[in-house]
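Same chain, two partners: chain A is paired with chain B first, then with chain C.
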Partner chain A sequence: MMDVGRHPRIKLLTNSEVENVTGFVGNFQVSVRKKTRYIDEDACTACSECEVVCPVVVPDEYQEGFSSRKAIYIPFPQAVPSSYVLDMDNCLGTNPIACGKCADACDKDCIDYDMEDEHFDLEVGTITLATGMQPYDPTEMDEYGYTRFENVITSMEFERLICAGGPVEGHFVRPTDRKTPKSVAFIQCVGSRSVNRGVPYCSNICCMNTVKDTLLLQDHYPDLQSKVFYMDIRSFGKGFEDLYRRSKEVGVQYIRGLPGNIEEDPVTQNLYLTAENTLTGKVTTHEVDMVVLAVGLVPRQDSELIRQMLTLSPTSDGFVMEAHPKLKPVDAPTRGVYFAGCVEAPKDIKDSVTQASAAVARANILLNAGEVKIEAITSVIHEEECNYCGRCVRVCPFHAITPANKKAGLYPKVVEAACSGCGTCAAECTTDCISMRHFEDAQYYAQVDAILAEDPMEKIVAFACNWCSYAGGDNAGTSRLQYPHNVRLVRTMCSGRVDEDFIMHAFRKGAPLVLVSGCHFSDCHYIDAVTWTQQRIEKTWDKLEKMGIRPERLQLEWISAAEGQKFARVMRELEELRRRVTKEEVDNTMRILSNGFKTATKKAATKRVAAVIS
Partner chain B sequence: MNGNGTNAEPEIRIGVFVCDCGLNIAGVVDTVAVAEYAKTLPDVVVVQGNKYTCADPGQNEIKRAIKEHNLNRVVVASCTPKIHEHTFRTCVAEAGLNPYLMEMANIREHCSWVHQQEKQPATRKAMDLVRSSVNRARLLQPQVEPTFPVTQAALVIGGGVAGIQAALDFADTGHQVYLVEKEPSIGGIMAAIDKTYPTMDCSI
Partner chain C sequence: MSESAYFKCLRCAHEYVGEYTPKAVEEKTCPKCGSNSVRRLKSPPAEKAAG
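== the complex of A and B ==
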């Protein structure tokens, strides 16, 4: 921590929040608000004269409320920067008549009640997101009585009580009588691995943290009996099993089973835990002096804003989604953004540090290259056909299109470096004036034409997104999963690229069945582009129905890159559906589409490519 | 240079390279028949079969054919582009062709490996996939990948243990770093922990 404070190349902005991020990979503009601390942090020597005279006493957050601090305070003794901060919410007032004692006491005149927030506009090439997590609040698990029994504490509160720098200087006592407990029970998985309350995932660190806590207690108080109630002890890391074994060797009892509830003896304030030991099948009641709830880790509740600024998506567990869970674990889907620590998933210090170094190594590839190359699959707006409707601006998941302004004659503009090439804008454009480089409309028509050129009744045309569904097909192949041969895949970068006209074109050319397949919502490589896929397909279903074409002939599936099995199953189901489509039905569809249905939009794209198609 | 002109393209000249992938493809798909079929497709001027197109001899044949037959489009019928698109893009670029003028047909993962008991239908499907790729290749245009300079500074958001490590690593590798922390001090949750596993030492 100290190294950060004194490193010449690190500009440390504490008490600060990112308010806006614009730009793109290699070229981000970031505005930061540094909230005032009302103290000149460079001049403050942390002498504590101000704190001594401050008359306001409030609970100390750092000590989990076990002790108090003043309204002017230093967060903790080793804080960096080593400077006091004035908590204006609790200060008696900036009016010198109201108080002003701290300003009088400060020899260096560091305190300025009129100090204002500062703004910084930063230009950076990369952004590393390390906003962390927060411990689970066990209030809702009322059976453990966290809010009812003082001697039930969380693992974070345990840390403060056992710490030499804590409120009781490391003399571990229980809150009700301030006596060192003779027995302590730890309850694991509080908030973790539960589909009903808390979170469904394993929080990764709680088992080993409890093992560590039991060893600390044993070290400080050899006669103290620790009991750990658990589902599974996950001691999977280097040196972890050793520590777990040591904990058992020194006499810590591990009981496989979580207590159903906790009751308190109103006189002694001792706690009774009833649990079934699932290894012996016996139900036993344990009396202990104190209970520690090993709380899980959950995503930060205030992370939504920064996620939106960086166009990041959460996975189903609420942590941020990586570019690839295995192969790009520290890269964000937004290029130039990297993850370090618990913002990505719960992890311990070692893994956080490892991931941070990995993130920097990845980011340094970009910084050291000095320039960034963008794959030439970006969108191009053909202004002459644009009607300023602004739909492209609204649908772009990356905010890569700048708004149009009809009055000023400004067309929407693609910021090429921010465009990831999903093609949602091209598919949604109301005048079809957007084309995708290397993934042109005409190229898709050409592919569909070729697929349906011979025996169209035998074919299923399947548009599959590059990242998930096409890769799911690859996975089926690698796994040698056999399925009917009738399907023909057409690769799109994103299912959001699949224009309604592509589908209609396939039907017009005699396809009995069309599939559009993309990533599951939480896996979408283009943030939320699949939501546009879904909306568009739903609209197309309605349209087909109105035209007298069975909507079932257009199928929509979400298949991930890992779901080879599902891919093969869907292909088998599609073949069943295809067999039920009759020649008359297809002929009728072709007639309907060639007579009645021709969107105005298709003309523009057709015109642009007419020269090339023979 | 072939294929690098945009408007005045005189003639589309496509080379199709059909890969056996040992027996991975040829064990199911009649690759000779697919190659013969490819010769009948519009704008295809040369078709070659390779045992392993991705290996050096296979790649060299592509490069030689580009020069000999003045090719301005290349279709490789082999495996998934997710494995070898980069390989063949680099290959054609080395022969002077714009890398975006290369197209693949996935006749392994999406064909021979998943229709192992249906050799004839699999062969017909491979032909379809080649026809589809050739039709797309006829419309491919050369592309230039845009480049942008990179601002030589890094932002780290969050000053917990991960953010601290990231900031120090950036700084020690010579870059200017901004470390933004919401609280009045860095340290995060780590700073509130007494001892840490597995070393049982102090967190701060």
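== the complex of A and C ==
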């Protein structure tokens, strides 16, 4: 932190908030609000004269409330810049001045009660997101008595108590009597790996953090008895198994089973934990002086806003999703944005540093190149057919289309550097004035025509997205899984590209069954494009029903690249459905749809492609 | 706020009552066959005649 603060080419903006981000890779505009400290940070020498005279005392958040601070304070000892900040929520008041002792005490006149927030814009080429995480609040797990029993603390609170710079200068004491405990119990997976309460995922760091804590305790207090209640100890990683073994060698007792209940002795404030040791099958009660809850990690609640600004998609866990879990693990789907640390998933310091280094290296590749290579697959708006409806602007997951302004005669415009080529705009366009390079409407019509040219009654037309469903088909193939041979896949970059017209065209050409398949919502390569697919399919089902066509003939399925088994199973199920579709039904559908349904659209798209080719 | 709604699986024809949140687009899965071809019905499914 100190190095970063001193670095000549790094501008460190502390106590600041990003208010808005616009632009695209290489050309981001970031609006920042630098909150006022009410202190001239360049003039302040951190002499602490102001703090000494401040009469307000509040709990110190950094010390987890175990000690207090003043209303004018330095947030933590290593804070950069090393300058005081005035906590205006707790100050006695500056307008009119109710106290003013800090200003009187400051020889350098650093304190300015009229100081206001600064707003400024930055132009940057890339953005690295490192908004971190927050620990799980175990209050809802009432059986552990957190907040009811003072001697039940969290692992974060333990860190402050055992830290030499903490409220008790590293002399570990229990809160009720300020005496060094004789026995401490650690409970693992508090809030983690729980579907009903907390979060379903493993928080990654808690096991090794507890192992480290037990070693620290044994090192400081060799006579102290530590007990660890756990489900599994996950000590993967370099040197971690050694640490775990050392912890057991120094006498830490590991009990496989989580306590169901904690009771407190009202006289001694000792705690009684009842747990079943699942290795022996015995239920035993353990008396300890203190309990440490190894709480899990959850996404920061205030990261939602920045996620929306950068058009990032959340995973089902609430962290942000990377562009590709294996090949682009530090890249966001939005080009020019990178991740470092726990914003992407819970991880320890080593992994965070590794990821941060990777993110910076990725950003440097872009910045040093000075130019950006973009995908050739982007959308094109044909202005002459646009009616300024603005739908394309609303549906674009990457905010890559600039808004239209009919009065000013401004058509929507695609920012090609920001467009990722999902094709949702083309599928949603009400006038079909948007085409996709390399994935033109006419190409899809031609593929459907070719599929249904012979024996259409025997075919299943399946639109599959490039990243998941199509790859799921590959997975099924390479796994030698059997599925019906009459399924014909039409590859789209995203299921969001599947225009209702493509589906209707397939039915018009005699398809008994059509499948639209894409990524699971949490896997969508194009942020939330898949949600538009679902909405479009739901509308198409309604439309089919109104036209007298069974909606069952249009199927929808989310299949990931790893779900080869599911791909094969779904194809077998679809074959069963196809066999139930009669020739009369298909003929009737063809008759209904031949009565002028959107033929003009198809002609326009074909004409456009012909013009491009010529 | 979520509310109860009728759903029909277009794969296995299973009809059921589930939670539905207006304006929230969520992945739907049939509780019987696991298919994602689940359609929200705007009215309750017709009662089937006994016998």
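One rule holds in what follows: the second predicted complex is superposed on the first by the 595 of 614 C-alpha atoms of A that agree within 3 Å, B and C clash if a C-alpha of one lies under 4 Å from a C-alpha of the other, contacts with A are read in each partner's own complex, and residues count from 1 in each chain.
Everything that follows uses one rule, which is that contacts are C-beta pairs under 8 Å (C-beta built on N, C-alpha and C of every residue); 3 or more make two chains touch, one makes a residue touch a chain.
Note that this is a predicted model, so its numbers are computed, not measured.
Between chain B and chain C, B touches the greater number of residues of chain A. Contacts of A:573 after superposition: chain C is touched, whereas chain B is not reached. Of the two partner chains, chain B is the only one touched by A:79; chain C is not. When both complexes are overlaid on chain A, the residue A:535 reaches chain C alone and has no touch with chain B. In the superposition on chain A, A:431 makes contact with neither chain B nor chain C. Touch criterion not met for A:270: it reaches neither chain B nor chain C. After overlaying the two complexes on the shared chain, residue contacts for A:480 are found with chain B alone; chain C is out of touch. When the two complexes are overlaid on their common chain A, residue A:556 makes contact with chain C while staying clear of chain B. Contact with neither chain B nor chain C is seen for A:214 once the two complexes are overlaid on the shared chain. By the touch criterion stated above, A:520 is placed in contact with chain C alone, chain B being left untouched. Contact residues of chain C toward chain A in the complex are 10-11, 13, 25-28, 33, 35-37, 39-40. Contacts from chain B toward chain A in the complex involve residues 42, 80-82, 100, 106, 108-111, 113-118, 121-122, 124-125, 128-129, 131-136, 138-141, 143-171, 173-198, 200, 203-204.
On chain A, the positions that touch chain C within their shared complex are 520-521, 528, 531, 534-535, 538, 541, 551-552, 554-558, 570, 573, 577.
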